[in-house]
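This is the structure I have questions about; it appears just below.
Labels run A, B and C following the written order; every chain starts at residue 1.
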Amino acid sequence: MSKLRLEKAPAPAWVRPVIPLLAILVTFLITLIFIAWVQANPLHTYYYFLVAPFTSTVTMIELLVKATPLFLTGAAVAFAFRAGYYNIGAEGQLMAGAIIGSWVGVMLEGFSSWIALPIMIVGGFLGGVAWALIPALLRVRLKVDEVVTTLLMNSIIVFLVSYLLNGPWRDPVSMWPQSPDIAKSAMFFTLIPQSRLHFGFIIGIVVILTIWFVISRTAFGLKMRAAGSSAEGARFAGVNVERTILVTALVSGGIAGLAGVGEVAGIHFHLIQGLSSNLGYTGIIVATLGALNPFGVGIAALFIGLIDTGSLTVSRAMGVPVYLGQVVQATLLLVTLSMFVLTNYRLKREG
Amino acid sequence: MIGLIAATLRVATPLIFGTLGELFSERAGILNLGIEGIMLLGAFVGFATTYSTGSLWLGVLAACIVGIMAGLLMAIMTVYFGVNQHVSGLGITLFCTGLAYYAFRVIFGTPANPPQIQPFMQTEFLADVNILGPILRQYPLTYYAMLLVPVVWWVLYRTNFGLNIRAVGENPEAADAAGINVYRVRTISLMIAGGFMGVGGAFLTLSTLGFFTFDIIAGRGWVCIALVIFANWNPIRVLWGAFIFGGVSALQLRLQLTGINLPYELFLALPYVVTIIALTIANRNAAYPAALLKPYKRE
Amino acid sequence: MNAVQMLNITKKFGDLVANDNVNFDLRKGEIHALLGENGAGKTTLMRILYGLYRADSGEIWINDQPVQINSPRDAINNGVGMVTQHFTLVPPLSVAENIVLGAVKGFTLNPKEIEKSVAEASEEYGITVKPSALVRHLSVGERQRVEILKALYRRANVLIMDEPTAVLVPQEVDGLFNSLKQLVEKGLSVIFISHKLNEVMAICDRVTVLRGGRLVGTVERAGTSEKDLAVMMVGRETFGVERQGIKETGDPVLTVDHLSLTDEQGIDKLKDITLEVRHGEVLGVAGVSGNGQAELVKVLTGLQKPTNGQIILNAIDIAGASPSAITIAGMGRTPEDRHAGVVGELTVEENLALESLEIYLNRGVLDRKKIRKQAIEMIADYNIKASPEDKVRTLSGGNMQKVVMARSLSRNPSCVLAAQPTRGLDVGATEYVRGKLLEQRDRGAGVLLISEDLEEIMELADRIAVIYEGRIMGVIPAAEATEESLGLMMAGVTEHN
């Protein structure tokens, strides 16, 4: 009797860049089930998902708007993961950056943008760092698993934001649970007039270039990669693994904080509870699709931005719930993960 | 005080289900970060099933089945493909969450008022006894949760299958060499774990609330993961961990009512803060299953 | 009557042919040695028989019937048991639980009952174990008995033992041999994997020799000699590094002074260790595995802070210093586990640079040209078979070891610490590594060689210290040492002051 068996056989080098494309194909095949459920025409659905956003300048710019925070959360996650620090807390760190941004932004009334913008950026970065600090310290000092603590920190900040918005920061005019608008000078300028595409996009590009440089061209980058793939090997070679991980974790938090400041200063201009809408968790998808490579992260963020934009188009045009986008993204994550592994195996017939 | 104890048991119920599930999965060597999403999906599927059939127990069953299927998906990813457990668990959570939201919108649209069901009644049990009566006035699933604790202990330490689970979580090479199918044991453990998680989520919609909200789980799954470490992977100690978290949550409700002038969000956040502290203290002596996070592949 | 026949077995790992058309047969009731050097393919062949690997081609016959063995379960069902070199026990479980694991039917499990049934088996086969003890509390010798009983409990009538004596002191070996002889009288057939000629001659009925994955031949013990076997095994008359006599030694370079280490559970791992390594000598530290060598290496390489004592290297106290400080102080370090000394996912050149990043920095940025240039030089100097961009995890053990050595020795350290430097290496790589260590000695460096391989110590060391339960039992000049006297010290029987 012949039997099929998986056998380890590394995929040829040209396969790896193709994997994400194959994964996208497989993902859309799987998500057919959910589209069939609402009896929508799959071809129309995919047209609105993937093609329609490119047919107008407005939606193309919107794609870049959606990708902007994902550049940053994706970069934050990828940076931390490269050092073997599983920062799942980008969601909370982003909110912390947003809190500082909306606080500082109000106080900067009367200052020029030349002063206000750098303060906003630094403030948002530090906000993210602060929220990343406790899990990072617990990990390097007491070996407490950062996955659990960063997740719990994500839950805690929801209550902090709720307190601020229902308490001291509640907008005295509207009485909505949102903070007062930040100063005009603290708002990020738009890159294209009449659009929502803001300065944060440039910050995102700069951060991606910077972490690429740090990871591949500096001693710190080599140390963090060493610490990430073999802590004991790195330690033996003289790398201070704990300090390397601590610095990486804090920088990662800071990058996520920048995403928060961007959402406040470029999109909403005040703090609201739903500001993030899972941007931190989506950052994990982006980082994985990008294979933890900074440039891969950039491309993946654009693609997820496309799906975000597309799911709105699908919803508007066909009445399919917008959450289909989230299902597609999660499926894509699972499929990509599997395919990265499976391409290292080959089916072999024996018997 | 008596009310506090009763409330503690109530709050602890979904945590006991979730934590026992996570414990099963981790004893077999798999960290299941899908728990948050599986609980949410369980909460939704339980609610939707009851809404359409009118049967609460069918709702529980459906939540259990969908949890088992999510567990199977996790097993395919982590056990057979050997994918990173952190990322695939989060992927499962994102997938289940997206699916629950999507399905809610497909079935219920965007209603002005959330659709309601008639939830479980609390059982009157020894109602005439002074102190016990009010404490034992609980939902049926709370009783099942308490019952499940010794059952899980018995399965782990007094059955052959439990021995296999402990072996594959500690040393899969040894288990394999002893002729145990490591993949199968891990897969079954993950499926059982998913079933528990699904029921834990369904408790919230079917017992306490009677309706479904998007933020219904609110990080309870993550708390369960912390409680497993706190319990040092011992099912009996899960009970105490869940009681501490439940107690702090119940206390928080009390303190709000007493009108102490503190923001109520502080109280809401308190259990999570306490969990981090408890985790930090328990971590010093934590004996992680040796093969946790390590995919097993025979050469 | 043949208990086992393996016909034309071939197994490849990538390009490496681990077994090349090998034939092997085991008669009922014999002890059959599988002899060969590290990397000769002995373990691979037996892992195929036990279902841990699958052969690419070939047949297995058991009791003159062809069988398919795809998993250990198949092997067990065919009456084959194996005691692997790294024990396959689950430390937090009890002895009884480990033994019945996967071997009992039914749903429930009664601890009392399984302990009773294991006690009965222990009685029946004459192998003493304590059923209720937790495996993590047992000594290595006790764990080995559990492994043997585990196989017999599953009704094994063929028992494969993979280098069973490597973890035992010479005196414990006798006990093992007696047990095996008794079991054979009761009808058991044993395959005994070894690379030690004296053991093979002491206990086996027939000997099959493998070299480089190929079968050299099978001979009766009665018709052969240690010398003949040695020739078959290595393919030439002598091997190893020529000793160049005892050299003049200089001043101490490394002084370990009253060093002790107590672990988190309060167990004393190192007790009051005092050692001195001089310029131009090799000080060997011999001992059975698990007597504190690993801890000593960790302390000396900066991975663990000692509880007490000083380590003076070139007049600097390096006790508790970081690995990089110790490197800068002049220590060239080779770790016990070479996989733990490199970062497998990084490239060869990155690993070679990792210990000395400061010299590759150019205004804060890594000078990648310089890293490449130095790597190419080191690869040539140390005969590493790899290119600078290869990931280290793809390298063979020998090449990995050369990477580690190239990295530390290129700094011209005044003291070289080599822990188990040749464990698991093939003959060529072993010779190369030993030669490099002697080269360091001749250059004037002090070499501290910590090894569980007694032959290696006898061959390289000028003076020999013996470690037992974290204590130094004594230091003797190599010329005065015999295997017997060292064995007694390694077993903790005698001390030498």
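What to note about this one:
We take it that a contact is a pair of C-beta atoms (placed from the backbone, for glycine too) under 8 Å apart; a residue touches a chain by one contact, two chains touch by 3 or more.
Computed from a predicted model, the values in this text were never measured in an experiment.
The count of contacting C-beta pairs peaks for the chain pair A-B. Among the remaining chains, C is positioned farthest from chain A, on the basis of C-alpha centroids. A straight line joining the Cα centres of chain A and chain B is 27 Å long. Between chain A and chain C the centroid-to-centroid distance comes to 46 Å (mean Cα coordinates, whole Å). Chain geometry summary: the mean Cα position of chain B and that of chain C are 45 Å apart. The set of chain A residues that touch two or more partner chains is empty.
Touching two or more other chains at once is no residue of chain C. Across the complex, chain A is touched by residues 301, 303, 322-324, 327, 333, 335, 339-346, 350-351, 353-355, 357, 360-361, 364-366, 368, 407 of chain C. If you check the complex, the residues on chain A that touch chain B are 34, 37-38, 86, 88, 134, 138, 142-145, 147-149, 151-156, 158-160, 162-163, 166-167, 278, 281, 284-285, 288, 321-324, 326-327, 329-331, 333-334, 337-338, 340-342.
The touching residues of chain B, counted against chain C in their complex, run 157-164, 166-167, 170-171, 173-181, 287, 290, 298-299. In the complex of the two chains, the chain B residues touching chain A come out as 31, 33, 36, 73, 77, 81-84, 86-88, 90-92, 94-95, 97-99, 101-102, 105-106, 218-219, 222-223, 225-226, 229, 263, 265-266, 268-269, 272-273, 275-276, 279-280, 283-284.
Listed in rising order, the residues of chain A touching chain C in the complex are 217-219, 222-223, 225-226, 229-230, 232-240.
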